[in-house]
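Below, each structure is written out as structure tokens.
One chain, chain A, links the two complexes that follow: it is found with chain B in the first and with chain C in the second.
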Partner chain A sequence: MKIGNLKLGQQLKDSLGLYIAIIALFIFLSFQAEGFFSWFNIHNVLRDFSILLIISCGMTIAIMLGKIDISAGSVMSLSTIVTSLIIAWGMPVFVGILGGLAAGAAVGFINGYLIGVQKLNHFVATFATLSIARGVSLVISRGDIIHARSRDLMWIGTGRILNIFVIIWVGMIVFALMYFFLRKTSFGYKIYSTGGSESIAELSGIKTKKVYVISFMIVGAMAALAGVLISGMTNSGNATVGDGFEFNAIAIVLIGGTPFDGGRGGVVGTFAGALFIALLRNGISMLGFTPSWQFAIIGVVILVVVSMSVLLNERRKREEMRRVWQ
Partner chain B sequence: MAMTGALNGNIKKVGGVLIMYYRPILLVGIIIASSAVIQDPVQNMINVFTMQAPYVLIYTMGMTLAIVAGGLDLSQGSVAAFSTCFAAMWIIQGGSDIVTGIIICIVVGAMFGMTNGIIITKAKVPPFIATYGMDWAARGLTFIMMGGVMIYGFSDEFLSVAWGTIFGISNIFYIAIALFVILALITLKTTFGRQIYMVGSNPQAAKLSGVRNDAVITAVYTISGALAAIAGLLFVSRLDVAEAFLGRDFALNALAASLIGGSRQGGGKGGVINAIQGVLIMLFIFNLLNVWRVSVLWHPLVFGIIIVVAAVLEQTRTAYMVKRLS
Partner chain C sequence: MPDDVVMTIRGVNKSFAGVQVLFDADMDIKRGEVHVLVGENGAGKSTLMKIISGVFEKDSGEITLDGKVINPCKIDPRKLGVSIIHQEFNLLNYRTVGQNIFLGREPLKNKILGIVDEAEVNRKSKEILDFLGMDVDVDEKVGTLGVAQQQMVEVAKALSYENTKVLIMDEPTAALTNREITRLFEMIFKLRDEGVSVIYISHRLEEIRQIADRITVLRDGIMVKTLKADETDIDEIIKLMVGREIKDQYNRDFNEPGEELISTENIASYRFKDININLKQGEIVGISGLVGAGRTELVKSIFGGEKVESGKVKIFGKEYKKTSAVASTRLKLGFIPEDRKVEGAAIDRPLRQNVIQASLRRLFPAGILSSRVEKKYSEKYVQELNIRTTSINKPVYLLSGGNQQKVIVAKWLCAECNVIIFDEPTRGIDVGAKAEIYSIMNDFVKQPNKGILMVSSDLPELLGVCDRIYVMKDGKITAEFTREEATQEKILAVSV
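Take a look at the complex of A and B:
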């Protein structure tokens, strides 16, 4: 069978429907929402989008392996705390950022070890590390907000290069690297084949345990990077800032066409998914809905969109089956 | 696996007994440890058994059934909030009598559960996404419905449900025990109960043997929603206030208690008897932390470590049992 869907053009074609939905949503909001169609607002949407994109790129790897990482949100909070704490001690900013990323990678290592080596259920393992990451951030911050008070950290969150937010540049670079990593390196292909069938990958000589551990470390580091950027925006660390992000990220990945079966999909679809969710989040508040409505609307929209994408995936699988049999 | 390998020689027998019955042994150990520190250990135990455990047990049983059927129910907390707030408005503002209010509450909870079941079976959305989306949607609806107010001032008749005692023991204890017995009989003695296990352990085989998988799964989520509503109602009766924030920790507690109790994520193993062990172990560990005056900030960390340890122990126990049988 031809593996056509690994090509960039094919992947863009797969998410064509999503882009139509994004354009429709964009046009609708431009006419309906006051102040939506302005560079100021769209710039903010893109910043929100970049943060969602980074955390979802990590989540794409986890879901491509057929697993979910629900600890991503609290890893994000943990990295804001670690980064702010290190900077507040008077260390240089890059040490703080490295510390935040290392904390994320460490939680990712635990995830990968529990899932890949101990063979625990992925949900149980990441649920436990969710609690552990939240617990560590509460304990080291003593339940308080940590103020970094650093101009350099602030620059990462609110500074601009060529009049575009640094965060957006970071998001684009991470996306490009992730695309390259998954498509052009042998490790990327190892992730695909481990996700497709762990036992076959193992028999083909892939060290699947290593794949799991390294992949989950990347997932953790991605979540941590999103956390570092958030701490740049607020110049502080907060133990609850990342709550709920993991759910957004999972929804983005699913909407983007990476199914739960594993071994399929990629970050190109995730790009479109993140754009859609970022527009939706912004649109709901620009249309003047109160936060309580936002809860309900985002929940319902995600349920509907995910149901649709799951049903479409089922149909595609049936059609492929038919093709194979014929 | 490594731990099973270590159980050789003379210690094999002792280790085998320990690993087979680790849950009761752990429970007794924790109770002894907390009893050693405080002045009135009997009163402490009575408090946990009759005042704390019943609430947690009621909704954990729903979660356990969902886990046995191969899914999980993260929407319990907000379903409880919505159904109790809805019923409270009916009782206070609509002037309906208590029994009607209670029935309305349970029916609303069951309907939310049924919606979960339909989304999971018909739209084929993974249970995690379906119930988490429902969690957001129901919480948002509750916020919209309540508009930031709390409902209080229930009649003495309603409050006596949770405050009343029989033979000096709280009514809640008897309600929880009654529900436990009913559910234990359903799961162990009826056809429907055995079908839950079949669907959970091997959906294809169950379907081929004539089990209506979709109906069974929907029924399980309906029960889970109803149990969440009952637990929420008892909280309202105890606290004399219905508010939109009720039950924020339901899902996490229930999931942790089920996993500690030995219900396997992925389905087919566990049950309400495991739920009762899990609830008691979890509550007594937190009781121990409180007795030792550990700051509440440490709780999530301990929570996470408990889940990892419980999952690894359960895996070792299963491996040991498989080895002994073969």
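Take a look at the complex of A and C:
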């Protein structure tokens, strides 16, 4: 069927471009950046990638709902503080981790409640919670780094299973679960529907308020999980360590092809997006640029990728309209 | 049993913001009948159906289904066997056909984990589509389907509820071609023969004879009469629908048309093509046609809100190359859209700001607003157009529909427009205010150099107000009538 081919071709084209870019970047860096093409470095890139992937999987849900969560970075910091503090008190590591995740889910609950139930603008709501989470982190840490001094926590950040970082395993498991959750469960269906059109979802009997609250709790918990892994790498909590991660996460989701208008996309694109950004971040420093260049370069990449997809989309929409009406 | 009543509606009243739109509505729906509900725009058809389906709460009255009183706002009526297909589609473009049909109540493979049984979704969807005789891939994304197929998906969705007894269809043929309509009708007959009652809302009168078992006529919120289809004819229905003498509320003073204000040469876009129309000084020119014929897109494109892909637009004799809304306002064109609340007025802002919104450059050339000038102009138009408000500081959303419309007209009058393009000038406006809008339009075109281009679905309105009427169908102009030639029947004949 003609239409069927078009759809498949389109899907391939969408992510194909990104994978070509990833491979091109990989080859370029292998030749140009000294020390890039080594297991040591690539292993580190993959660890960085896994953390980005986790926070971006959460962000994908927010953006699929047509919303955005700019509090994710400070939630990440908050969770490093909470986790480290609990462990520093002498509690077992898993309690610390659960505490960190719970803190993230709690901020997510507030976000979801403000956005879904109180109908606050998502930008305003998460802008406020960004500041609240950062403030709470600074207050409870008194602005200092909190040392957890725990071998177990350290193992999560630097340990290996089958010679591969634990973080990478966690990232892959989270990704697989998230894919399954969004594609195969009824709650995943509800996220797509609510993001597609809140009014249509409501008319179909979906409790959209509940969808928002639970979804944002997941977004918060994902950011918090990324925070837990970071605190494992440094064996400490730091109130500013997550700053800027929300920016990277949003960039990854957009580059991965989940558009801001909601109702479509998914974590598969986010996977490729995270790989691309992780490579880019590593490449920037391996090529000898200061990390300060990161923001500007990533910004340019977002502009290029997103304007291309907007252009393609506009064209496709017009073609569809033409086919439907004439 | 042919006279078995499945649903009754008794004494249903409803008002919105103080305007009563339904008065003691009574209706009986028999099992396995096609019951057509007709009436002019704003007669209350859609409101009544939205009450039955639980979208609006009724003010008073009673609805029963199979002898039991139901409250559609409390229990989802679809679970009781009453489904509605709204005029506007409620489909998610990026989800598949199957996912849309079972939206929000997907069968599960594993209840605890909430895993959706995709195979079951597709199998059941396929079953319903097969029953409807529809050849669509359940894996196809809805956004890639044609309008007719989307309509069928809506039907399938409505039928996917267990034992549907009453199916309400609100203007289902608005966007369909003749062949697709025939197909839809076959499907409706099939459902009827299975014992489903179909309530069918339409203002395409010629369809009614083909499909109706009984017909109920609504006028201005009142149930005028229920007729048996084989004992009536279109003339009788039209008479009941219109009721009042249509000519008197319009009072047009027709003028000798002057030079051309707007003309188009073969303009086309994704939604219309080969359009040649013109508007002369002193004229009100109407564009008729069914919803979805491309009328709104045409006038929006002339104004510059959408792209004209080829052809020429001439304004005051000069070719207008790149149409844009900004350029149009400089050329003294005004546009009053169908949806006042979204595109017409800044409804949260006070009346006074809305009035001067399109004339900032003219009134305040230095770029500094003056509250005194703002007050002067808004008071002037409140008086001239008889806008009923307690203060010029009142936000527009607090005004009634008719007065909101007057504020938008005032905005363009204040901008000293020569041409105003109206899209559905009186939609959602009560009868009294309608007459006032018509007289404002009449006064406007009496001035030198002025003209009005309007789109309307309200045939009596077009016939009463316009000097000439173009009829559009499927993106093309199918006919042009002068005021003397035009009749409802002639226009309908070229619209469908």
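As a working rule, the second predicted complex is superposed on the first by the 291 of 326 C-alpha atoms of A that agree within 3 Å, B and C clash if a C-alpha of one lies under 4 Å from a C-alpha of the other, contacts with A are read in each partner's own complex, and residues count from 1 in each chain.
The rule is simple: a contact is a pair of C-beta atoms (placed from the backbone, for glycine too) under 8 Å apart; a residue touches a chain by one contact, two chains touch by 3 or more.
These figures come from a predicted structure and were not determined experimentally.
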Looking at A:Ile132 after the superposition, I want to know if it touches chain B, chain C, both of them or none. Which is it: first, second, both, neither? first
Tell me which partner A:Gly299 touches in the superposition: chain B (first), chain C (second), both or neither. first
Look at A:Ser186 in the shared chain and tell me whether it touches chain B only, chain C only, both, or neither; answer first, second, both or neither. second
Classify the contacts of A:Ser197 with the two partner chains as first (chain B alone), second (chain C alone), both, or neither. second
Once the shared chain is lined up, is A:Phe28 touching chain B (first), chain C (second), both, or neither of them? neither
Can A:Arg318 be said to touch chain B (first), chain C (second), both, or neither? second
Does chain A have more residues touched by chain B or by chain C? B
Dual-contact residues of chain A, meaning touching chain B and chain C, are none
Show me the residue ranges of chain C that touch chain A in the complex, using the header's touch definition. 55, 76, 90-95, 99, 103-106, 108, 113-116, 118, 137, 140-141, 143-147, 270-271, 273, 294, 474-475
State the interface residues of chain A toward chain B in the complex, per the touch definition above. 68, 70, 114, 118-121, 123-125, 127-136, 138-139, 142-143, 247, 250-251, 254, 260, 291-300, 302-303, 306-307, 310-311, 314
Chain B residues within the chain A interface of the complex: 72, 119, 123-126, 128-130, 132-141, 143-144, 252, 255-256, 259, 264-266, 297-305, 307-308, 311-312, 315
Touch list for chain A against partner chain C, complex: 1, 3-4, 6-7, 184-190, 192-193, 196-197, 199-201, 203-206, 263-264, 318, 320-326
